[in-house]
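Each of the next two complexes has chain A plus one more chain, namely chain B in the first and chain C in the second.
This part shows the complex of A and B:
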């Protein structure tokens, strides 16, 4: 009894007890599946059949798989474009909303955020109809006012990317904006007052106070956006009404994983695709974190 | 030391962050499969309804999955008859309707793991090879159940659900492909559909139609392979060779596709929203009268009566155009095999019920009455009182009787083989090849050669 009490009160062990639930969940749901898929990537595995060890065959096949290259290209372009659109604009909106001259602040905040609460399935279906190739679809009707179109949006590489990005921006601008608003709240208002007294313009204040001080938020948003961009699947699935898009213009890495693993029952090969995704996401993110200086010792320059 | 700690700490954080996000990703993708089913992906929403609720307490409950809402209607009728005739073998049927891809993907995982599969399910012919691929087929052998009816049934419709001489699925229909013409539009341009015999006639009619009305005679399908199968079969080949290997770049198919491209260049046919006639968008186009013909299997009739109601009384059915007179004018396309899974609660009862509901004489008559499909029992084709019943909604909707056409082309209905390479062929053909040919104007020979390569690569 005393022993137990001493154990529970020990400063050495108590923290581990507190994080135990997380560690257990982490091991069962993340570490175990991760190691398992790593093992599977070296096997030819189908559900209901004994796996066969095939060494690096899956990896060799992956390197020569043109459809996979297409999927990676799509995912990387989508990710890069979301970074360009979903970091500067939400930051700008957050700064505008944070300004004391802003009217109807709560209204804008919630209306930006509402799309994130809707189901991707519903949103994807609506966007599919909006970007339909019929002359009567919303986008074609709209562009007809400028004597443009009609276009077959979801059969064209560039146009379908625009449609996907429109969906992503509509959905995620509000979420990223809220991250930045939270970051802005943490900045001491006295900096701005002091700068204003010294005669700094609004732009100078934004550039020299807001941007540097909001950097931790920016890095966080960047990190999750890189991963979310690379792992995008649902939006494409919904927009193209299934995992098969014309000429694979909407195929993503996860879409390919789904096609191989679930649709074709080649779980080993799908695991290889998953491992590839993990490696790419980790590499990009670690490089990015290194460059933005997140690994540096606190306080040092 | 402290620096290193900080560094490793951050690194660990990044790891955790990414794994947690992977979690979100994984989580939302499972959501997707669930929510896809609740979304409308063309075939309808996931919906479970119970049939035979009045079947009594001893009734055995079966789960039945399908991707076509209408099929449930047929089972409702047959279940009523079964429960009436078999008071000691009562059945309740829980019908779950899911979108096409979703249902097949879920079913495949369920039968392979032996967990969560329904007792009875529909499987589309294009996906059937996936289910009988392994050494251990997870479906019940139905050969003995079919045996008493085998001589009345179109053999090729049993073959597509068979492996090594064993039948694993009850067929639903023959799916004889015919031409559906919108006579109202054709008359506007002074075209008589009965005079269209060859593809040259079809082209001539289409050019005239476009000149007079600006409307297209037919479709250039970009998301279905039916047209390719039609053109290949008329010239005596298939998309696969005798061993079941893909044969996409055959001279016959190249000739056929070049003919379609020629039709497209002359504005006889055009791509259609949705990619092929049996999609929501395309049925809208047909209903508005923008396309004057659909070359589709006979089961497309039910789409007319259910979804294109504006065209009632305007549609006539005729044999397909051919290259030269004397070539076979039809082939069986599409199809649904109904199977009993090995994990079914009562395999014997399920098999007996399906035999009654899908292949008995009554079933074949009801398949025509309720679904408007061409039944696999060709005896039914000769039953005047059934096929020409004036109360039948299909008889009422169309200008001529489909069975007159069927009996005319009986014996010319070719078979499309369904092989282990079929799912790959369909995938590449429907997503890449047809889009390149009809949307990008790529050279047919080049596109088909590349398709052949891609399919072979995919099959490795």
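This part shows the complex of A and C:
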């Protein structure tokens, strides 16, 4: 007993006690499921039944699965579009908001964050109804001013993509703007003063000081946006009121994983979809981190 | 006009232009909130017929939905109560365990520290959605389906929260720890009595971030919970939308009240919301 107490209280072993909860949770709820995911991808398996080993069959099937290709296309387009919309614009807004001529800065900063407080259920419902196909819906009323429409947004491939992106932009512009504002705050103001003395224009200062020095923030936002874009599911689930959008126009990779694994109880096949997502997400992000030179900087530190 | 005052006018014009620009953005961003607030006063029928719109028509507007929310026969407040309970339990346990672990990483040098910390980063790097199925199967095999344990336990040592706390703790002077040791406190006594009190601001930031995520979380609870009595608010609201018809009377006013607690917290603790969220971004 005394021995145990001495063991628990020794400075040498105490750190391991502190770390222990993490190690346990990490092994049971992260490492084991992840490894199991690889194993399941080589099996034919249903919940509560003995799995059957089937080698690479799931992978072969996946490559010829046109619905899966559709899901991947949707997810990749969504991700690419969110990168184009949710990085440059929030960055620009942050720079403008950070300008010394800006009044009411704190008010705008806070109010742009408010959409991020809503759950995907509430936000999805609001956007589903705003992009409703009825003539009186907000979007159709608005477009009628320009003699356009009415449109059935959620039954059309392009228009439903726009609706999904509108939802994403509404929720995340303010958050990304805050990231960039935090990044801007970390830049030494002396650089700008020196540039102003040298007679640099506002655009030159933005291009030559702000953009390079804010890069760590940009890389961070890029990294999380790539993951969030590729793994998007619940937004589509709420906007289309279910996982079965017409002709799968709203189906995403995770949506397909959910359909196969939960709705159809094909756990093995769904696990294969998960492995695919893992490989694609890791590849894109590692490439991106390499291209932006994040690893190099870490190494030289 | 002198050059100086000319510059002044220019600055004023620029300032005005900025305000105008951000005001337009503000209106666009607030439009959905205005629309849903307006809709909460309209009958569900109107929504089915016209969708969500900005028509301000007093003749069809009433407090009926609010009356129905508070007096009608439905499960809204069961969901509300469940969400409240789950959020509080989840936040309290996650903060406690994550802070405990983070202290281990921040205060000590020990063998295996670096590889273990890489594991923390690894969790943050792999999208949770990939684990959805094996985790679902694990919960099924452990007979934890339909329990709150299944929702709370996997995330109890939250990687992002551990990371944030560790960053925060690294800024705390080691002298506090040494003085505790001189006074004869145990390693855990030092953590609970000396460290936890100075961590308060970081607790606030993480409580809000985790609380918001927990309150709004849909997918995992939706997969794990099958019993309607245990539904959380997001799940409950989702059940109001069915392929056969939507209960907008309750959904809209219910959504309104689902945003409210988070919104009030935000008004009261803005800087913690923003602090918790942006902590990781500046220096990854």
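Everything below uses one rule, namely that the second predicted complex is superposed on the first by the 270 of 301 C-alpha atoms of A that agree within 3 Å, B and C clash if a C-alpha of one lies under 4 Å from a C-alpha of the other, contacts with A are read in each partner's own complex, and residues count from 1 in each chain.
As a convention for this text, a residue touches a chain if its C-beta (ideal position, glycine included) is under 8 Å from a C-beta of that chain, and two chains touch if they have at least 3 such contacts.
Note that the structure is a prediction, hence the values are computed from the model and not measured.
Undergrad: Which partner does A:18 reach: the first (chain B), the second (chain C), both, or neither?
TA: So A:18 only meets chain C here.
Undergrad: Now for A:192: first (chain B), second (chain C), both, or neither, which partner does it touch?
TA: Neither chain B nor chain C is touched by A:192.
Undergrad: Once the shared chain is lined up, is A:119 touching chain B (first), chain C (second), both, or neither of them?
TA: Once the two structures are laid over each other on A, A:119 reaches both partners.
Undergrad: Counting only touches as set out at the top, which of chain B and chain C does A:246 meet: first, second, both, neither?
TA: first
Undergrad: In the superposed arrangement, does chain B or chain C reach more residues of chain A?
TA: Per-residue touch count on chain A favours C.
Undergrad: Let me test your reading of the model: by the given contact rule, A:270 touches which partner, first (chain B), second (chain C), both or neither?
TA: It touches chain C, and chain B stays clear.
Undergrad: Considering only the touch criterion stated at the top, classify A:206 as touching first (chain B), second (chain C), both, or neither.
TA: After superposition on chain A, A:206 lies in contact with neither partner.
Undergrad: Can A:151 be said to touch chain B (first), chain C (second), both, or neither?
TA: neither
Undergrad: For A:30 in the superposed arrangement: first (chain B), second (chain C), both or neither?
TA: Both partners, chain B and chain C.
Undergrad: Counting only touches as set out at the top, which of chain B and chain C does A:103 meet: first, second, both, neither?
TA: Touch partner of A:103: chain C, not chain B.
Undergrad: Overlap of the chain B and chain C footprints on chain A, residue-wise?
TA: Residues 26, 29-30, 34, 47-48, 119-122, 125, 132-134, 227, 231, 233-234, 238, 241-242, 254, 258, 262, 278, 281-282, 285, 294, which sit in both footprints.
Undergrad: Within the complex, which stretch of chain B touches chain A?
TA: Against chain A, chain B makes touches at 2-3, 6-7, 10-11, 14, 16-23, 25, 28-29, 31-32, 35-36, 38-42, 101, 105, 108-109, 111-114, 130, 134, 136, 138, 222-223, 271, 273, 275, 281, 284-285, 423, 427, 430-432, 435-436, 439, 454, 457-458, 460.
Undergrad: In the complex, go through chain A and note every residue touching chain C.
TA: The contact residues of chain A facing chain C are 9, 11-12, 14-19, 21-26, 28-30, 32-34, 36-37, 40, 47-48, 93, 96-97, 99, 101-104, 108-115, 117-123, 125-127, 129-130, 132-138, 140-141, 170, 173-175, 178-179, 181-183, 185-186, 216-217, 219-221, 227, 230-231, 233-234, 238, 241-242, 254, 257-258, 261-262, 267, 270-271, 274-275, 277-278, 281-282, 285, 294.
Undergrad: Within the complex, which stretch of chain A touches chain B?
TA: 26, 29-31, 34, 46-49, 61, 65-67, 119-122, 124-125, 132-134, 152, 155, 223-224, 227-228, 231, 233-234, 237-238, 241-248, 254, 258, 262-265, 278, 281-282, 285-286, 289, 294-295, 297-298
Undergrad: What does chain C use to touch chain A in their complex?
TA: It comes out as residues 11, 14-15, 18-19, 21-22, 25-26, 29-33, 35-36, 39, 47, 49-55, 97, 100-101, 103-105, 107-108, 110, 113, 116, 119-120, 123, 125-138, 140, 153-154, 156-157, 162, 186-188, 191, 212, 215-219, 223, 233-234, 237-238, 241, 243, 246, 251-252, 255, 258-259, 262-263, 266, 270, 273-274, 277-278, 280-284.
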